[in-house]
């Protein structure tokens, strides 16, 4: 597998995402982390900030690059010549949703392939929403996100 | 079974809905598709538009009629003398929700009956939300909705 | 819907099954309860006994008949001219299995239709296996099975 | 177990909540029902109203007290010296979410313990959201909530 | 909560079980681990061996005692005056089964109470069946079971 | 990804398996299909027969080879220098089990990686057990298995 595409909203990236990226980087020649532009007004970080945070968090991984994308995932997939989309699996409800997305995308574009990776056990229940909620309530988010994300979250919520 | 009631928001109707309607029409003398008035501001189509699109899509089915309804489903059920509500099942999360709805309705009205039908395999993961998202992003929605719905969606999103 | 087919192993019939039969009888002109011959050596009751117990338990329902069947369900379905198979839904794992069965049967015979009914809330977690285990351990099974089944279970386990 | 903490938004308390509180009161010396301050603008009742309704509904239970709380649950837990958080389980999707919350809280504070109780079967599918929706549509909510909650709901929706 | 009853087949006890026992011991005055006699011929260890292994593994916990039991759990529950049964939750399928068991037992005996505890994250997917399979295939089982169980498993499988 | 390992019992291989193999062959340089020796007495086909049937069914795929294996999967994985195990996902219950297996294997060998692929929608509910049951009952298995498997199944069941 040469090019893996890892799409998401990453608002912000957390250690479960990073774990999936590292696993993908180990299996593929190149990993493109694709940050979805259009996730609505409730995003805490702008698209540029989200891209920057991922770039900082993946600096140690040569084969990883980060890009913002708009429009259909299948179009971006075709444009970069991806061999597969990578998704991390967490819990059952997740699995249902991922299944649905993968099947829809395959109907839009038959050669679309999705591979699911399993993050380490300690990240199975992690989500960006929970991390933001904990930060908002003054909790310690150090164990859940890369250091620059922790700083950015605190700065954002303090302002 | 004489009268089946198929309630939903149908914003808009898609091929999975149509599949369920056709199956119900095959089993029952009359199928009433009941479009819920009150689904909030985030509806893409008005109640009249949603009713019209279903009527167009079910023109080939003599025993199907379409109606808007407000208020409790159990009251509408009693008013039309329905023998059962029909619901299409898709995925597990769906099933949970349907179960909950059916049990609540039965507590409100003991003679309330729900039958679940299974759409064809290619529609199991279809949803109105996904269809709208694909249309919004410029994707091809032909395989997922009846033709008049595809036109209406494109017209609406272009405006 | 004229003819509903309700297949199962019914080893033995319990109140959840009976609830589904009564609901089906209310919706359809005729309900055929089909007892599967081939469920292996671990059956507690013979096929004749299982048929007899269902007949006793459904004596009050004129439109219900009971039959043993061997071979493929889709063949029996065609032979009696059924309009749909009826299945009771209980829990999630159940739902998965029922889905799989229904899809396989539809691939074997496209006109095969399955409708799922929901038993009353107090029967949602009932199963023949649990009833037998409770009886074996000397527990009170009165709340879970029709009276003749309770007697038959006790007689069988005492011998 | 001396002190159990039962957190939630309780907007408003329903019979499933009350069932869990009664079970917890039976197992523990003291039950603190903790009403979350921060559940967003979509709350139907203010924090004071929600606390009052729970107090009325639990008047017959000497060992139960009600408090509003803000901030992290683990901090409130430590402040009152709780031995465990109590949560009622309903359906699968619920279970997933509860699992995630419990694991996150344990990572924030290792001594954090969660015990799950099962409400009576007739409350397994009850939710505040559904109760409010039924009330809004003019349905009978008597079977689902304590009497003072029913009155408060009707008064609120009539205004 | 004074007396907690923790029933199971424990063939053999593993670290996930032990984790649940330790949590229960922390919450209750006394924990009775009840080993089910009747789990069929496929048990690897005899009832006496299973009791012995649990006793060894829980020697550091003063408030824990181990007993074999036959018959209905609700009868044993009544006999020892238990306040609640304790069960560890692992995955969704588990949850379904536990729900069913708890509801059946409550119908057999209304005062029967079940509390569910969550083992540490690293034990969430552990099962006796998997441990035995790994041991059989020559794998390292040290991380999954207490030391005496590891020795007993190896001795048993070597013979 | 250079070497993917696809383990299973394959008793016998069906079109869902074949779909996963083809997808893996598209993503990796080499796919090793590993047939588990030890699946107990209830296997319909011997290990040699199962290997032969897979070889016939994958003759058109140059990069696929088939091997029998005994013992721990992690040991076989290390021996052939695999980069990842490939598993096909079907339904929720499946997912749970696969999760458990993947986590256990990772604890036995930290570098063990599992990637999950999604078969085409029409294979999502296919299983070897169901195929055998249909064949046993005289049903048409042509749509579910490669031709040589269909012949072998009929020959085996006729004898």
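Which chain is which? They are A, B, C, D, E and F, in the order written, and residues in each are numbered from 1.
Assume contacts are C-beta pairs under 8 Å (C-beta built on N, C-alpha and C of every residue); 3 or more make two chains touch, one makes a residue touch a chain.
What you see is a predicted model; the values in this text were computed from it and never measured.
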Which neighbours does chain A have in common with chain F?
B, E
Field rot_deg for pair chain A/chain B, CA superposition, rounded to the nearest 5 degrees, holds 120
If I rank C-D and C-F by number of C-beta contact pairs, which comes first?
C-F
I want to confirm something about chain D and chain E. Since they are copies of the same sequence, is their interface symmetric in residue numbering (over half shared, so same) or not (under half, so different)?
same
Per the C-alpha centroid definition, the whole-Å distance linking chain B and chain D comes out as 34
Could you tell me the distance, in whole angstrom, between the mean C-alpha positions of chain B and chain F?
39
From the mean C-alpha coordinate of chain A to that of chain C, what's the distance rounded to whole Å?
47
Each of the following residues of chain A touches two or more other chains, namely 92-93, 96, 99, 103, 121, 125
Considering every pair of chains, which are in touch?
A-B, A-D, A-E, A-F, B-C, B-D, B-F, C-D, C-E, C-F, D-E, E-F
Taking the touch rule as given, give the residues of chain A at its contact with chain D in the complex, in rising order.
91-93, 125-127, 130, 134, 137-140, 143-144
Which stretch or stretches of chain B touch chain F in the complex?
92, 121-122, 124-125
Within the complex, chain A is touched by chain D residues 38, 71-72, 74-75, 92-93, 96, 99-100, 103-104, 107-108
Touching chain F in the complex: which residues of chain A?
1, 23, 26-28, 83-84, 89, 92, 95-96, 99, 102-103, 106, 113-118, 120-121
